[in-house]
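See below for the structure under consideration.
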Amino acid sequence: MRFLLRRLLRALLMLLGVSLLCFAFTQMAPGSFFDEMRLNPQISPETIATLRAHYGLNRPVPIRYAHWMLSLAKGDFGYCIAYNSPVGPLLWTRAKNTLLLTATATILTWLIAVPLGVWSASSRRRLADRFIGASSSLMISVPEIVVAVALLAVAVRWRLVLVGGMVSLGFDDLSLWGKVRDLFLHMLLPISILLLGGIGVVERHVRASVSEILDTPYMNAARSLGIGRMRLLFRHALPVAANPVISLFGFFLAGLLGASLLVEVVTGWPGLGPLILEATLSRDLYVVIAATMLSAILMIAGNFLADLLLIASDPRIRDGEAHAQ
Amino acid sequence: MPGPLLHVKDLRVRYLPESGGKVQALEGLNLEILPGEVTGILGESGSGKSTLASTLLRLLPASAECSGCVVFEGEDLLTAAESKLRRIRGSKIALIPQDPAVSLNPVTRVGEQISEVLRAHLRLSRSERKQRVRQLLVEVGFEDVDRIVDAYLHQLSGGQRQRVVIAQAIACRPSLIIADEPTSKLHSELHCQILALLANTVAQHDTALLLITHDPTILAGFADRLMVMYAGRLIEQGPAESVMRRPLHPYTRALIGLSHGHTSGNRASHLPSIPGEMPNPLHVMPGCRFEPRCSEKMGVCATTDPQTFSPESSRLVSCLKYGN
Amino acid sequence: MATETIKANHSPLLRVCGLTKHYWTSGRVWRKRTLFTAVDDISFELSHGKTLGLVGSSGCGKSSLARCVTRLEGADAGEIWLEGVDIARLNSRELLPYRSQIQMIFQDPATAMNPRMTAAEIVQEPLLIQRRGTSAERQARTAELMREVGLSPDWMNRRITEFSGGQRQRMAIARALSLQPKLLVLDEAFTGLDLSTQAQIANLLLDLQATHSLTYILISHDLSLVARIADEIAVMSAGKIIELGPVRQIISTPTHPVTQSLVTSHHGFRVQHAAAGGFA
Amino acid sequence: MRNKTAMCVLMIALVLVHLALLFAGFFAPYDPAAQNRDLSYAPPTRIHFVGSTGFHWGPFTYGMVKDFDGYREDQSQQIPLRLFAKGDSYTLLWVFHCKTHFFGADRPARLQLFGADAYGRDEFSRLLYGGQISLAAGLVATLITLAVATIIGTVSGYYGKWIDEMLMGSAELFLALPWFYFLVGVRAFLPLHVSPKETFLLLIIVIGVIGWARPARLIRGIVLSARTRNYVVAARAFGGSDFYLLRRHILPETFAVLIPQATLLIPQYIAAEATLSFFGLGISEPVPSWGNMLSTLQQYNVLVSYSWLLAPAGALVITSVMYWRLADRLHYWLQSH
């Protein structure tokens, strides 16, 4: 319980830190906007002053921060002065798409990588292990951008899957099954790219921690008691290996979000990625900050989820005997 | 007289470390364990006694090679199929490992870990298993069984952990228990308790016990037979009583002398000790392994490998002093 | 001065008065910090060339006491008089000259030496730190020290990983001796060694004591070996010295129940078996 | 033994790649910025040994002629390839002005091993020059990261207490940042149109600084455990100063982590730079980098029609795989020692 509270507190502190960081950026941002206005002779200084007052820019920094946090809590994610509208609504639909992509990719990655890692660790130095090891190190070492471009080239050239966007043009007219199928076909490419990037990393970690545990005295002791191989692996080794593997989750998530930015842009998936990129190129800084903030929130939430899993899997942490990592 | 329970013939084990070279850990061991008998194996660190324990159950690391045979119930364990071996481990031969703190799974409840052994070897229903686990915990001297069943490793003290490990070992009523330094990682105050528990259990179920230790005081009055190991060889064996009272090999004599030396407090004079160190297993010299440290060495000792002699009935010793 | 009179009377090398050391248990955000007294108002005296055995079960505070006496940790209260100087009050700069007078030998010699260094580098490290002698002099001194503890000077350039446990402990002793200390604190120096190696090291310590008139504090949970080497034994339990006296007295007539259990547990299993009827 | 040979081959290959990139001017036959509108998207030049007059010992090529349905070779004139050919001038190692290239072909033919891009620039030459930028970005950013990480990790691990709490708290914060979003975000605040050199520097610094948290935590862990080792405690008991302890006992321990970390970070940072440039947030035209060379592939028709423009992707894969292999080998080597 204590661990949970500590982790919750940590997550909140982290949220505070990230928000402060992002807020500091927002403070840097609007200056230029009004500076430009000031250069315009048609806009009187009074108008600018009123505008500043309207957006609360003449108030002290802590109040502005509170204000910003409030808008964050409301889901507005700050105010885009250029468009005169809150950033939130724009962001939410995009974030949902990103979430759909990354959550699916995460689940699939772990579903594939964990058994592979366990299998690899249990058949150490044999053919299967060598093969899995070689392919996962290849997967890790090929940069994501290359994977993305190469898969895209294959997909575009041979028209294997649907490329571009998230749904086809007549999506709304399709039956439910048709909709699912359409979405699936669109997801296939971005998901494959993310899987190719992620499986290697997770498989390696799982293999490393399981094989470390297979060498421990208690696994030897369990073997000496005549417990079967499968039970040994999945009932004895895997629960202990879960701790370091779950700790990897946060790191994995950071990589995944970065990769999904790339993948979304390359495959035209309407997620946070293209949005933040367009915003960066068009200097729409509020959107950039809000998207960064949102992705940070996603990560913190993911990490917190991992902490919950840790508590469920490791009694030592429940009793405050050991710290994660 | 019944036949031996376990028969080890010419057992040789060597490690091939990655850094190169060969480490001869066991060299031509011959021994027999009779049913229901307590056999003590005495040796210092590096004598190969722990290697022996894991070889008997074929739990050696992949870098080890072994030859010879370990016959148990008419089957050679060194060549038996893995599935056959799995059925023997834990049910017919059980191992009590050295350090209970690292020999139990840290994230599984103690009760489940004992029940896992029952599950692997016996066809019992869930409730029967539960019943048995509680019974076993009582047997190894726990009073608050309810708490222990649901406890995790980190919630137990050192002595409790060792009791749990013993419960695992005796769960399927094996005919042989191998205990590898069962008390070396415990507080000295607990040694007696744990040894008494072991002694009681084996006596009650007529189990054979192979007790491996570096401390002669543990074996005195407990073991029926005693074997002394040095540098991967068995250098002396015989009835415990007679070996302890009248050791034949100079090494045994020195080793038993050490333990007496410590207890009889008498300041300012030197403690009895054996000069030198165990030979490096990477560089094997000809002749008797103990020759460089031996106080009674003869000229031939440096060049001739001693065979095993039997200077009196039921005593065996590997020392040229007893050759004729 | 008071200390002068004490020195004149029976001149103890070390006099510890009311030494106390507290630890805060790890107080993370949600856990209450609790005060734990590891060393509780301990006083004793030790004269030149004598050996004090400090015995107690693990967690009784004997290692904390050792670390306080060697000033690896600062004590919270109390005085540590080393030949008329209270070293408990010195700051790290003032302490430097006294550092060489007290040396410590650690439990596990494998962790007490940097595995990247050679035997010679290890043995002469204190000399190097204290900037004593030229490098040739240090080299010569190293050879001498190694010979003194029974190691061949030919091994000077070997790495520490090539030495056995007993040899490492000898090397640790050589390193501690390099600064010509007066007091050597041995914290579980025999634990984890074979009986014969224990005896060898014990004999080495006795020889060194005779030639250099060294004073030892010998910390162990193993009463039998301590009883063989020490002049006096202090039994510790829960941070306090519960019994202190000459070895013979402690062994033959232990008064405190903790001492009694320590003494009986060392007469071994045999005793208990004899009482229980035996098995053989 | 087999491992040793593999390691040797790997090291030699790495050194060769770096030399090729370092002497890019010499190995590249053309100026990377020189445009040639007649050869827009020209395919790789073919090298021939057999012509109309039979087999030739020396390889030769033909000029390229643009047709309504693409490029074809003008087989009227065989143009021999030369080693150490004179060509565009360049500066070698930023100092020496040279005109000699490793190989080339006489005009009007152009020896474009990997074809040409939209502006008719030689892809192979751009690949070499772009590699300079990409690798330099990886190496320098890694140095920055490790320097920052070593300082913070050592201070945090050695002095502990509130400094440690504070530094490791901010490390956790940095680890919780989805760093690529953050990178893009930070980039958004840098001026969009600055000179390529400044962009390069800014980019490297940002990439380098963002990555400090993970290695800093590793180093802190090592310093923390080293600090409590008995030999460090012993050295303190001999009167060793903090500086001595750090220098003699603690920092050497961290090298075992720093070196594999470096080999892990370099390919990651190369990829990060490439990705940013790919999005147009990194180094901008006309300066080539592997990332911005790939960015034309965002157009599907280019991606489908001009496969030779994937060459920078191949170069990225090769360098990246080599570095990861090195990291792997070092990891095992350090584990077994």
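Things worth noting here:
Per-chain numbering from 1; labels A, B, C and D assigned in written order.
Going forward, contacts are C-beta pairs under 8 Å (C-beta built on N, C-alpha and C of every residue); 3 or more make two chains touch, one makes a residue touch a chain.
All of these numbers come straight from a predicted model, not from anything done at the bench.
Hopping across touching chains, the smallest step count from chain B to chain D is 2. Just to note, of A-D and A-B, the chains joined by more C-beta pairs in contact are A-D.
Centre-to-centre separation between chain A and chain D, using Cα means, comes to 26 Å.
Put simply, the C-alpha centre of chain A and that of chain B have 53 angstrom between them.
In terms of their C-alpha centroids, the spacing between chain C and chain D amounts to 56 Å.
Within chain C, no positions touching two or more other chains are listed.
Every residue of chain A that touches chain B in the complex is listed here, in rising order: 125, 216-218, 220-228, 231, 235-236, 239-240, 242-243, 313-316, 319, 321.
Residues 38, 44-45, 187-189, 191-192, 195-196, 199, 203, 214-215, 217-218, 220-222, 224, 240-241, 254-255, 258-259, 261-263, 265-268, 270-275, 277-278 of chain B are the ones touching chain C in the complex. Chain B meets chain A in the complex at residues 54, 57, 59, 62, 85-91, 94-95, 97-99, 102-108, 116-117, 120-121, 152, 154-155, 165, 168-169. Within the complex, the chain C residues that touch chain D are 70-72, 95-96, 99-100, 102-104, 106-108, 111-114, 116, 125-126, 129-130, 175, 179. Interface residues of chain D facing chain A in the complex, by the touch rule stated above, are 169-170, 172-173, 175-182, 184-185, 187-189, 192, 214, 267, 270-271, 274-275, 278-281, 291, 294, 297-298, 300, 303-304, 307, 310, 313, 316-317, 320-321, 323-325, 328.
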